[in-house]
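What follows is a pair of complexes built around subunit A, which joins subunit B in one and subunit C in the other.
Up next is the complex of A and B:
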């Protein structure tokens, strides 16, 4: 297989990566420090390295740090899932959200926990990943069965399937007299009040997904052209497609399991990343992971202030931004 | 000589319409009769006609009838709004739900409740303003959709995606607004996510009915100006039909009807898509009969949906709007797959 020439940005890679890492560190620190109550760096330092059982130390270690780890993890996973989806579907408005994959994963988790009593993180992850895979197969199956859909149409199918999934989630949860908080979590996603075990349990899955995505970078570059070109370049199309969809399901499923269906992160992030590094997937995947992490963490900090002292679900904020970006992209006829 | 299919359809249309109305009456009375205790239909009709039956009158008039009446009014309203939008955009897939109009109304009402409630969650202003807020939201929503779509609105399928994007934004904002306001405590949130007809009182019904009556009269008056569905856009314009200003009037009218329907019931989707289709299948393309048929089919759909959630999930209150959502989504997919020419 020969490498393919892909236009990349001329900006130096190293300085961009360093800048993104610095930004990420800063927003993670901000995520620990800012919220209903603000903490000075000294208090954070003491809570971590000299835990004294004070109220601030408890809040920092049990509430702030878990979500400061969860948000970047989920953001990175969704950002990369978005890149893969957009390339695999050759559709700039595709993403785990617009194709209903998020909703499918959420439905699978809710259904398996309510009907089959699945409660462990491992069980929920398996359910979420299977739900994500089943939904992407369904949406692409519907598209393929009617002779190839236009990008617009496939997204309409995805949004409708997603809406159906959320309606069923709502029925299941209301019949079980779930609290509004739980309902909103499974309809919009949030990083708040998730135990640290979710971040620790999800991290290896996300890392595996990111690594597989990175290994797929070169064939994905070739796939951006049409199928014949890609095949002539020696890309095993079926293998790449299947491993691509599996990776998308893995990343999306893991994030939904950790934080619920946080919307439109995977949709927005690849567009931003492409502006920085162009179309080559090696750099695009790394950059999308970093930008996704920064974006999700920033949105999570905003969620604490936008209706202060109450807290908004972070998914509502990312979906508002994402829907607006979708409108702008449609206006510019990107798809 | 064989009669053309359409002529056949319009000649039997009045009978079909009567059948639809009868079905609606049957569904509505079953909706009143069904509950924790079954009240025989004969007694239901006696009470509705003014008889006093001990123990039953209160149950019927205070608990069961309100939800049936509001379901009928709102379901019918969504259906008529959908009929108008489909005709004026020449787009079989258009509906107040997918164009974001329903979500615009829901967001405006939630903001209205959040902004104008006092510490004890009581409204500080008249509840009659709630539909006004809803109307402002829905009219704004439809204009945002068409402003963004611009010339792309001519493509049926692109217009839908613009609507879907606006709807997604509005839904997210509704969730945020819900958490600010008293809706959060009232546990009424389900209404603003999927639409529900429980906990409705007669005052709210009176407001809805008083708004719905003049709007429906206006619809029946302007309906004859709607271009025939089989006339193409250029011909319609050349004979003075479907001009831009007329379209704007119809958009406002459809948005106002949607708003009134959603003001107390919340965001019910897909009835505005399905009911007009069914009406056209059963009744044909005659405008006035189609409108009346749409109203009663839509009314039957929401009354039926409420009956279904009560049959399946009672005593838990599952929002009635989830039923059309679950049935409507596959139907919409079917339409998308069947009908590819819109690209």
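Up next is the complex of A and C:
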């Protein structure tokens, strides 16, 4: 008798997950060790467990470790936000970037910091998450209005809203030169020079977002089909959509707040993850979180060497890669 | 055969009873105070001209539209009191043009049918595996399980979708124009499959078809609708008459008996002046 293939074939899934965790650990260690100056594992060990106040120990604990924690958090958040956006929009070129959600979160942060002097992490998070939520509702609302919710339409609306958001950011910035330089670097997306409190503050938000996303996995599977089919299967459409938007906003907002808008992570990662595990969201979400974390951390390490000894903003790297992938997909008409 | 006995049997075997159902889209009244019983283990075909409300009635049975009046009972239960998943375990519906990602595999699609049987803590059980294997075997898509939907022919795709609804393991299966966009051979293949859903899987099938001859051939009971009302209900032989066809479809036709299947066969002649009745 032919053995029945159990769809949740767990063995390859587990070995893939282990491989991804090992890779992630390695790139995180590389992110601590490599840069303008290289540190041996022994120096890292001493800096963490036997802090002696030496220059290397200070660099490792105050510069390298915060960004080695921030990068995977942001990558995981954006990777999963990308999966949710693509499923909710039923569109493989949707992502927090192409739907303008990144831009909306960035605008909210810039506006609240310039106009209301918001500087605390908590304040910025609230601004970023609300900005992300308002933008996703605006984009989905406009795309769904005036007849039919089409996949092309939602991206058109998203790109327009995103462009609009960044234009307003530029207007605000040109009238506030004092904060220009600091905000400009933040706006290209970077994990550098963030205090560890960013990672510590952002981690719970990201973890909550990832958990909610994972809990939505089954209805999201069904939502890949059309609305009638999903409703026929018993999916409460409105509840799932609203929870989905909230989760995307939470994840995107938190990552924008921590690192600025790091471009195209949420767009590329789901495509890569689907190649490994297919379309089922339980595995897709976990795999996208891990691949997103690896991708962002690797990009952050590369950013230190591409124009060595200077450092490139990581958002420039992820956007270059992401833009290229988008072009290839569009040419192949996969998207 | 007396009419009284047929009616009494129908009521006893009714799996769905619709009582004075009315339904509006915005201000437009689509269904008017319509009553109907759907017999268990049979194929009931809703037929009528375009815009007669047959698809709306089908979707109302699956509670995809909220009625403005009347009630629908599933056995003894009012369907409006059932939870989402509970109802999805009783009645399955395949939309007229369903869609799913082109890179989804057949097996991934069929798995979706198990959604109403799953919980967060028990995402997949041995029963789920058995259900999708049976559904794929029953619809002949087992060999296509790893194929992507975008690579299937129209007929294969329709079988994959029917497999999904079959995997849902509902007593009642509603199919909205399942043979639209299919060529003659695949129309036949699809309706033979629908017939097997009844014979082999013991399901009650409610079907919307606009082809009167296919309706007469595969339906055990026909329901003729016109302008959101039921004009007539009964066995094909009693229903497909020259008068009713003229009344419901606005076509003058000759009705003969199909020499192969013994079902009525309608030969349309010309448009008729529709009589108001």
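Before moving on, here are some points about what is shown:
FYI, the second predicted complex is superposed on the first by the 314 of 335 C-alpha atoms of A that agree within 3 Å, B and C clash if a C-alpha of one lies under 4 Å from a C-alpha of the other, contacts with A are read in each partner's own complex, and residues count from 1 in each chain.
What we mean here is this: contacts are C-beta pairs under 8 Å (C-beta built on N, C-alpha and C of every residue); 3 or more make two chains touch, one makes a residue touch a chain.
The structure displayed is predicted, hence computed values, not measured ones.
Of the two partner chains placed around the shared chain by superposition, subunit C is the only one that A:225 touches, whereas subunit B remains out of contact.
Look at A:235: by the touch rule set out above, it reaches subunit C but stays clear of subunit B. In the superposition on chain A, A:31 makes contact with neither subunit B nor subunit C. By the touch criterion defined above, A:183 reaches subunit B but does not reach subunit C. Contact with neither subunit B nor subunit C is seen for A:247 once the two complexes are overlaid on the shared chain. Once the two structures are superposed, subunit B and subunit C can be ranked by residues of subunit A touched, with B on top. Once chain A of one complex is fitted onto chain A of the other, the partner contacts of A:280 are limited to subunit C, with no touch recorded for subunit B.
Residue contacts after overlaying the shared chain place A:215 against subunit C, while subunit B stays out of touching range.
Residues of subunit A touching subunit B in their complex: 142, 145-147, 150, 152-153, 155-157, 159-161, 163-164, 167-168, 170-171, 174-175, 177, 180, 183-184, 187-188, 263-264, 306-307, 310-313, 315-317, 319-320, 322-324, 326-327, 330-331, 333. On the side of subunit B, the complex with subunit A involves touching residues 148-150, 152, 157-158, 160-162, 164-166, 168-169, 171-173, 175-176, 179-180, 184, 187, 189-190, 193-194, 269, 313, 316-319, 322, 325-326, 329-330, 332-333, 336-337, 340, 343. By the touch criterion given at the top, residues 4, 6-8, 90, 92, 215, 217-219, 221-222, 224-226, 228-229, 231-236, 274, 278-280, 282, 334 of subunit A touch subunit C in their complex. Looking at the complex, you find that subunit C touches subunit A at residues 59, 62, 64, 83-89, 92-95, 97-101, 103-105, 107-109, 111-113, 115-116, 118, 120, 123-124, 129, 132-133, 164-165, 168.
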